[in-house]
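Order as written gives the chain letters A, B, C and D; numbering starts at 1 within each chain.
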Amino acid sequence: MPLPIKKLAEVFTNKEIGITQGHRMCPGCAAPMVVKMVLMTAKALGYEPVVGLATGCLEVSTTVFPYTAWSVPYIHNAFENVAATISGVETAYRALKKAGKIPADKKYAFFAFAGDGGTYDIGLQSLSGALERGHKFIYVLYDNEGYMNTGNQRSGSTPPGADTTTAPVGKQIPGKLQLKKNIVEIVAGHENVYAATAVPAEPMDLMSKVEKALAFDGPAFLAILSPCVRFWRMDESKSVDITKLAVETKYWPLYEVERGVYRITRKPSSFKPVSEFVKMQGRFRLVLERPDADQIIKQLQDYVDRRWERLLALEQATKDKPIR
Amino acid sequence: MAKKMIQAITGAEAAAYAMKQIEPDVVAAYPITPQTPIVEYYAKFVADGLVKTEMIPVESEHSAMSAVVGAAAAGARAMTATSAVGLALMHEIVYIAASMRLPVVMHVVNRALSAPLNIHCDHSDAMAERDSGWIQLYCENAQEVYDLTILAVRLAEHEDVRLPVMVNQDGFIISHGVEPVELLPDEVVKAFVGELKPLYPLLDTDHPVTYGSLDLYDYYFEHKRQQIEAMKNVLKVFPQVAEEFYKISGRKYNFVEPYKMEDAQYVMVALGSTNGTIKYVVDELREKGHKVGLLKIWMFRPFPKAEIQRWLTGRKAVVVLDRSVSFGAEAPLYEAIKSALYEAASRPLLGSFVYGLGGRDINPDLIRYAFEKAMKHELVADQEMYLGLRE
Amino acid sequence: MPAKYFEVRWHSRAGQGAKSAAQLLAEAVLDMGKYAQAFPEYGAERSGAPMRAFNRISDEKITVHSAVENPDVVVVIDDTLLSPAVVVGLKKEGVLIVNTAHPIEFVRKKTGFEGKICIVRATDIALEELKRGIPNTVMLGTIARVTGLITLETAAQRIREMFERKLPEEMIQANLRALKRGYEEVTCSG
Amino acid sequence: MAELKGWKELPIAGLVIEPGTARKYKTGDWRVKRPVYDRSKCIDCMMCWFYCPDQAIIQENAVMKGINYFYCKGCGVCANVCPKKAIEMRPETEFITKEE
C-alpha cells in the first residue's frame, strides 16, 4: 500500500521528487500533480526513475533551455515515439546490466509520460509495438482530452460535444460527434499488460496502481484523467475536484485490467448524473446552449451507464481467469 | 597483421558480420527489402548466442530510430539498418539522432523511393538525408561495407565528432551480390573499436541530464553551430581513424579514392558500386591511350571540398554521375562538385549525368559513352544528361 | 528602427488579451488610412505567464519583419508586471502607459523609468462598465489620447464593427463608454 | 542578449546537464491571486503540499511552514483542497505596495 500523504511529506522533506519547481505549466494544471504522485511513489519504494516524455504541454513547459524542471534522467525525442524511445532506454539498461556496466544494486523504473495526442493518436503505433514486445516500463497517460499544448484541437480522446478549434461547435455540427476511444481496452488487448485508470482526486487509488505497475513483470499503462483548466474552461482551483466528479458520474470509472482480469477499484454507492460533470466546464457551454442539448447529454449518460454495466459484467466474467 | 581470412559473402552479410564483431549493446531494426538480410543475419547471431546484443524487433523504422536514440542516450552502443522508404519514415528521428549528438552507426542499403514502388538501387533515399547532420559514407563493394562499418564506429564516437554515421551500400548490387571479403579476426576488430565512452548517459542516475529540451530562438542557433563544427572536425578525425584502420587491415581509406588520376585529363566522379564498373572502363580507355581517371567519393557528408578541389583543378573535363535527382535543380553530387570548383584557379569543363534510377543497369558502354562526350568536349555545364534512359 | 516607424510594446499575461488588444489597435490604425502590424511573442509560457505583443505603425507601407527593440510606447496591462524589465529599450522620449490604480510615483519607482508616464484605472473602469475586468477597450481609448495615433471616433467605429454580430447593443454601448472613459480618465506626468 | 552564452560555452545537443535548473526560474510573477495561510487553523494534513502543482508549499517533516511566493502561481488548488480553510486567496494587488 502507498504511504499516507503525511508520511510522504516526511520522506520528501529533503529528497528530490524528480520534477522541480520553476516549470511553466498553467496555474492549477493537473499534469504536474500526476507526475509528482507517480514519481514520489516510485522513489519512496527505492526506485530510480528514468523518464521519457512525448511532445506536449508537460514537455515544453518543463524543459525550456537552459532550464529543466527534471532532477531525474529525462529524454524527449518526438511526439509519436515516447514508447519506442523508452523501449530503447530500457533495452540499453538490460544490455548494459548483462555486460556488468551498471551497478547491479540499482532499481530502475522506466516511465513514459504522454498526453492523449501522443497516446490515442499519433503515438498509438509506437505504444502498441512497445507493449507487444513486453518492455518493462510504465506508460503514464495524462489525459486532458485534446491537443491542449497547441491551443485546444480535437484528439481521439476529446469527448462528444466539447468545443475544440478543429471540431468547433458550429451552426450545423455540435462539436465533436465521436465518442472517445477506449484506450484502456486497446492497451489491455495486448494481454500481457497491467492497465488501469486513475484520477488525482483519488490519490491512494492512483498511487497503489503505480505500485502495482512497478511490481508488474511487463509493461504497465496508467490512464490518468488530467484536466486542462484552460481549455476545459474551468476554475483553475477546481482541477482536483472535477476528477472526483468524473468518477462519481461514471465519466471516468476507476478500474484495472491485469492480464485480462478486470477489477473495479472504486464502486461509489450512488452516482451523480453525467450532466454535473459536463456543466462544470465551459468547453461544453456552446453545446449546452443548443436546442438538442438534452439529447446530447442523454446520449452521453446512456454511454457511461452501459459502459459501467459492461465493466461490472467483465469483472464478473474475468474473475480468476487471467488470459496469460 | 593477423592471418588472412577471405570469405565469399554478400554485402548484407559483410554488414552483419562487421556488426557481429563490433557487438553493439543494442540493435533495433525493422526489415525492409533489400536491407532485410542484414536484420536476419543479425537476429540469428543473437538467437545463437554469438553476440550479447539486445535486439529490439520494432514495429516500424520510425520506432527503430526512436529506440536507437533512446538506447544511445541511455549510454549504449546502438546500431540499426534500413532502406528507402524505411529511411524516409525515420526521417524525423534521423535529424534528432544527429542533433542529440548520438554516435549511432546505421547501414543504409540504397533503394529508390516510391512512387511508383520500386525495390532496386538508387541513391534518392540517402540523398534525402544529406542535410540531416549524419556523416555519409558510400561503399563500392562488400569489402568496403565491412571495413567502413568498423571504421564508422570509431569516427562516430570520437570525442571531437559525436555524430551518427550512415554506411551506404547499393541495394541488391552489393547487398545481395556475393564477393570475396577479407575479414579481420574478432579480437582485432574488438580492440580497434574499443569500449564506448558514453557522454551524459541517461542511466547514470547520479548525474541526471535532460535530453531533448525546448530550444527557442535564443539558443537553437548556437546548438546548430556546434553541429556545424563537429562536421568540420570529421575532416580532421577521419584521416586519423583511417590510418589506424590501415594498420590493422592494410587497407587505406580516405575521403576519396583517386584511380589513375596522376595525368588524367578526363575524370569521372561517382558514388557507390558504379565506381567499380568505371574502373574497368578507365583501364580499357587507358589501354587505348586516353588520359582518363576516376575520383571515387567515399565520404559525401561532410563534403571533402578541399580534396575535390585538389584532385579536379586543372583537368580538362569532369563528368559527374548521380544515381539520384534533385527535381528542379542539379543532381546532388554534381551540384556539390560544381560548387567546390567555383573557387578553382583553373576550372575544368563540367558535365552532369543522371543514371541508374530505380535500379536501371549501368554498363561499361554507357560509361564509355559519357567519357567520350567529355573527350569530345561535348559537355554543357547547365545541361543534365541521362545514361540508359529511353527518349 | 527608422524614425518613420512608430512602435508599441504590450506587456500582459498570457490569456489577458494583449494579443487581441494589439490587433485591435492595428485595425483601428488601418481604418485611419495608415499602415500597421501586430504580432505576439510565441514561447512555452502558459496562461498567467508574462508575455509581450507588439505593434509597428507607419504612414508608409511597412516591409520590416524584425522584432521591436526600441518602442515609442510601452503598454502594461497588468500592474503586477511592473519592473525595470518592462521599460527595457523604451525610448527616453517615449511613453509608459500603465493600467493601475496606483499613482504615477508608484509606477516610476517600480520601473525606474524617467520619462513620461500615463496611468489609467482600466480594470476598474472595465468592471464598472462591462462588469468584467477586461481592460482592452479602455486601454485603446487611453492610447488614442496619449499617442494621437487614432481618433476616438475611429476606435469607436472599430469596436462597433468588431462586436456588432457578437454582442447585444447594450454591451456595445458599454464598450464604447469604456473606450471614452479610457480616453478621458488618463493621467499623465509632466 | 549579451548575457547569453556563445556556442563554445554551451553543452552539446541542447542538453541540460545540471538537474532542476528550472528552480532558478521565477514563476511567482504569474500570480494574480495570493494564497494567505493561517497557521492557527492548520492541522498539517499536507493536502496543500501534496496537490500543489508548483511545489510552492514549504514543509518540514510534515509540518506546514508556509508558501514559497517565488514559485506560487496563485492557482488556488491549495485553498480548495484545505479541509480547514486555513488558506485564503486574496488579490495580488493588495500586496503590491506592501512589499516596498
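Everything below uses one rule, namely that contacts are C-beta pairs under 8 Å (C-beta built on N, C-alpha and C of every residue); 3 or more make two chains touch, one makes a residue touch a chain.
Going by UniProt, the chains are A = Thiamine pyrophosphate TPP-binding domain-containing protein; B = Pyruvate synthase subunit PorA; C = Pyruvate ferredoxin oxidoreductase, gamma subunit; D = Pyruvate synthase subunit PorD.
Every value quoted in this text rests on a predicted model; they were computed, and no experiment measured them.
Could you find the chain whose CA centre sits the greatest distance from that of chain C?
B
Taking the mean of all protein CA atoms as the centre, name the chain whose own CA mean is closest to it.
A
Calculate how many whole Å lie between the centre of chain C and the centre of chain D, each centre taken as the average of the chain's C-alpha atoms.
Computed from C-alpha means, the inter-chain centre distance equals 30 Å.
Could you work out how far the Cα centre of chain A sits from that of chain C, in whole Å?
Averaging C-alpha atoms per chain gives centres 41 Å apart.
Using Cα averages as centroids, what's the distance between chain A and chain D in whole Å?
Centre separation, chain A to chain D: 24 Å.
Between chain A and chain B, what distance separates the C-alpha centroids? Give it in angstrom.
Going by mean C-alpha positions, chain A sits 43 Å from chain B.
For chain D, give me the residues that contact two or more of the other chains.
10, 14, 16, 19, 27, 30-31, 73-74
What parts of chain C, by residue number, touch at least two of the other chains?
Answer for chain C, listing residues that touch two or more other chains: 43-44, 48-49.
Two-or-more-chain contact residues of chain A, please, as numbers and ranges.
Within chain A, residues 24-27, 29, 60, 63-66, 68, 70-72, 229 contact more than one other chain.
Could you list, by residue number, the parts of chain D that touch chain A in their complex?
10, 14, 16, 18-27, 30-31, 44-47, 49-51, 53-56, 59-62, 68, 70-71, 73-77, 79-81, 89
Spell out the part of chain C that touches chain A in their complex, as residue ranges.
Listed in rising order, the residues are 15, 43-49.
If you look only at chain B, which of its residues touch chain D in the complex?
99-101, 162, 199-200, 207-213, 215, 218-220, 222-223, 225-226, 229-230
Within the complex, which stretch of chain B touches chain A?
Its residues touching chain A are 25-26, 28, 52-54, 56-60, 62-64, 66-76, 78, 92-93, 96, 202-205, 208-216, 219.
What residues of chain D sit close enough to touch chain B in their complex?
1, 4-7, 10-17, 19
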